[in-house]
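Chain lettering (A, B and C) follows the sequence in which the chains are written, and residue indices restart at 1 in each chain.
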Amino acid sequence: MDQFKKRACTNALMFTLTGLSCLISVAVLFLILGYIGYHGLSSLSWSFLTHLPAPVGETGGGIANSIVGSIKIIGLAAVMGIPVGVLGGVYLSEFGRKSRLGFMIRYCADVLNGVPSIVMGIVAYTLIVLPMKHFSALAGSVALAIIMIPMVLRNTEEFVRLVPSNIREAALGLGVPQWKVIIRIVLPTASRGIITGIILGVSRIAGETAPLIFTAFGNRFWDHGWMSPMSSLPLSIYNYAISPYEDWHRQAWAAALILIAVVLAGNITARSLVKRHRGTTH
Amino acid sequence: MSQTATLTEATPVRPLRIYSLKERAGDRRFRWLLLGFGLTVIVLAIVMGVVLYLASRKTWSQFGLSFLGSSVWNPVEDIYGALPFIYGTLVSSALALLIAIPLGVGSAIFLAEMAPPAISSSIAFLIELLAAIPSVVIGLMGIFLLVPAMRAIEPFLIRYLGFLPFFRGQPYGVGMLTAGIILSIMVLPYITSVSRDVILSVPKPLKEAALGLGATHWEMVRLVILPYARSGIAGSIFLALGRALGETMAVTMVIGNTPKIALSLLDPAYSMSAVIANEFAEATSDKYVSALIAIGLVLFGITILVTAVAHGMIYRMGPKKVRRGSV
Amino acid sequence: MKRSLSTLAVAAAFVVSLIPAAKADTTLNGAGATFPYPIYSKWFDEYHKMHPNVAINYQSIGSGGGIRQVTAKTVDFGASDGPMSDEQLSKVDGKLLHIPTVLGAVVIIYNAPGVAELKLDGPTIAGIFQGKIAKWNDPAIAALNPGVALPDSQITVVHRADGSGTSYCFTDYLTKVSEDWSKSIGKGTSVNWPVGLGGKGNEGVASLVKQTPGSIGYTELIYALQNNISFASVKNAAGKLVTASLDSVSAAAAAAAKNMPADYRVSITNAAGENAYPISTFTWLLVYQNNPGSNGKILQDFLKWMVEKGETMAPSLNYAPLPKNVQSMVRKTIQTIK
């Protein structure tokens, strides 16, 4: 009986500990969200969202150019990254399931997924900023696109694979050419999953700062097109956070709130799309 | 019998007329098009490695491999060594794993074994949201919440644990330990979610066999689940390590940005990605830039290695366990 | 899927159209010193108000960055408070002018609870930043501050993590007042700091010192004033304790102004003069003599405005305007910019 009590105690103890770990993890999330929500909300205002930054040391001003800049840089990166990622993923799932080439592509995508984003920034700086002789939003977008492509690629592959093969075979059996089968039948069926991957990719690059530091550079005014430096939300947050000015700190909180709201909205939308698509997975 | 014999003798054997097995031109062109897009990732990976190497040639020709072992970082005299940054990156990542592994695997076990399925997926989802929070926002929390907290806690660490060489020095607030804690927040979700998936995939008969033999729930976890899921969990740890090694913004905001190697965790340090972020835009001499890019190359190489090991381990559990690269 | 894509496109177009059309026709990009960032950002803002079609975008990434980016021509002009060396200038393709803009002071900021006023001299400062003077109540500091209750705690040194003209000025001063420093560490925009935490930009150092009790660092005067951080008075070459101010900085420039070299690269640290503040410096805009397109005209116009109007704004942010004779020299140099 004593042995059993000891084992039962250990059982209860271990499960309490694991439950505690879970609690801590979730608590950290709520702490972060709550803190940002509290500090950020108090600094949000309409003028904050629509004005340009004020000169250094003066209070007031806003981050309008950072918001627009972020939208533009991410937009361009998405325009570059989505087609490459989606079509590459389609190749992997339709033609590359067992081939050596498919394996290489998959491996390189996984490798790229693990590379730190600052390395992408270095490459974009060397290949685009230096030859062009100026910092530009284009360079920043390229760096972000490189981050986005492998994510979208692997995600697309996974979801297109899930399309049941009998649908494909039925269409092929009816004489539909393979390219038509893919475009008109397979892709629409997998569309929800593909969109999920795109949303997740965009959410991820929305928060990236490091690759933009020496590519898009930052701009205290409205930008002058894709070939000029452009401001963006994460860059502004970083610059304001490490400054000594209280007013800039407040603005950093508000900007962080906006950024986190966008990123989390993207993630939650993406996951809810997938949940309905997949039904019960676990 | 004879009829069929006559039939087969009379009619010459012809190959079955299957509708053209050759690829049609349209399909072939489409396949080449898709292949082109797929090959971009291979091209990107190669280009990255080549660019990093070519741009850092000066450093390698000047210092050779001793660049990795030297701890002198002197921009005035153009003498560079990557050791302080490699040390900082490795130690902060190790600290992060030290904190995140028990919490992560523990949460995974709880979610997979104890919690009812509905709560399990909701909480797992919440923990995954933690991974989505941008690094710069976590860094913001670090500067204004964690660093002052550490500044308050560190004097106690120095007083009570100061006999260990790891807890000596001043309560700066910023430093290696703070960086380790912040990194652990960022890698925790990876360990939790992958481990949870892996634990959920342990076959039921195995689990029931152990329970049937009289094991308590925890003993079943310890004796059946963990050994079975060992390689998947190890894979998740490597995935987390890969993420920790490359994390830039949050680390540079709390690590103290000092290229020194110190035993104490309370001392400021520097990591590979942090030094690139801080000093790249303004490295004044070519050798300086080359040294920073060389550090980038080292970072590139290390993360490739770690990611490859991670995926290898997770693949061993069965291909379905590989998470989308999106997490 | 088609329908949702097209609605998305319409929504995006709608959002983009809402963006106010207040864009500048021309943008000039500059980067460099954080030291004069407050006054530069004020100037560029004012200039933009007067000329709405010109936006001068300045990113404060440190003097080292300014020198590097303007040499690589990835920005249209640079800014630095450490003058470029001959070696650095030899790497430039074209003629790069140093245009002095304002004078500023590098002050020793500190965060020591209970210490309202701190007096320091050159050798002591060198000792602190070398780590040789490690505690606040060290005899060397106590000797300079009789009667002040110095805390019995460690000094946390804060220096620049990035390439900085402020560091250049500070280390230039230290090499003049401490032979030990000059031999072991030297001067530069980025040196091998023996101890301390690294902050990014003047902003980062100010931020760290403000938040870390027991810390000491160095920044431009305005960062200390704007953030209510205490700073020390320093003994100058004449042996007098001087607090950084418009007058003491102008006094430091007085001697050098009389013999200003044509390329304006001059150091005014540890200057002679009763009231000179010893850690003062000019700060320069790095401008090419020949600029592509209309950049030259815009730069010339801005610099003219700077000498006429901009200089008058400097005192309000506690930067000292250029001495009168330097201003007339600068007016002539500006004419050569194309």
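Structural remarks
Here is the rule we go by: a contact is a pair of C-beta atoms (placed from the backbone, for glycine too) under 8 Å apart; a residue touches a chain by one contact, two chains touch by 3 or more.
Source: prediction; values computed, not measured.
Annotation of chain A and chain C: jointly contacted by B, touch as defined at the top.
More C-beta pairs touch across one of B-C and A-B than the other; that pair is A-B.
One inter-chain figure worth recording: chain A and chain C are separated by 37 Å, centre to centre, where each centre is the mean of the chain's CA atoms. Separation between the centroids of chain B and chain C, computed from CA atoms only, is 39 Å.
Between chain A and chain B the centroid-to-centroid distance comes to 16 Å (mean Cα coordinates, whole Å). Among the residues of chain A, those in touch with two or more other chains are 242.
Each of the following residues of chain B touches two or more other chains: 281. Annotation for chain C: residues touching 2 or more other chains are 31, 199-200. Against chain A, the residues of chain B that register as touching in their complex are 19, 24, 26-27, 29-31, 33-35, 37-42, 44-45, 47-48, 51-52, 55, 102-104, 106-107, 109-111, 114-115, 117, 120-121, 123, 125-130, 132-141, 143-145, 185, 188-189, 192, 197, 200, 216-219, 221, 239, 242-243, 245-249, 253, 273, 276-277, 280-281, 292-293, 296, 299-300, 303-304, 306-308, 310-311, 324-326. Those residues of chain A that touch chain B in the shared complex are 7-8, 10-11, 14-15, 17-22, 24-26, 28-29, 32, 35-36, 83-84, 87-92, 94-96, 101-102, 104-105, 107-123, 125-127, 146, 149-151, 153-155, 158, 175, 177-179, 182, 197, 200-201, 203-204, 206-210, 213-214, 234, 237-238, 241-242, 249, 252-253, 256, 259-260, 263-264, 266-268, 271, 282. Listed in rising order, the residues of chain C touching chain B in the complex are 31, 61-69, 88, 154, 156, 161-163, 186, 188-193, 196-200, 208, 211-214.
Note for the complex: chain A touches chain C at residues 50, 54-58, 64, 68, 71, 75, 129-130, 133-135, 188, 191, 217-224, 228-229, 242-245.
For chain C in complex with chain A, the touching residues are 1, 12, 15, 19-20, 22-24, 26-27, 29, 31, 37-38, 41-42, 44-45, 48, 55, 57-60, 72-75, 199-201, 203-204, 206-207, 210, 222-223, 226-227, 229, 317.
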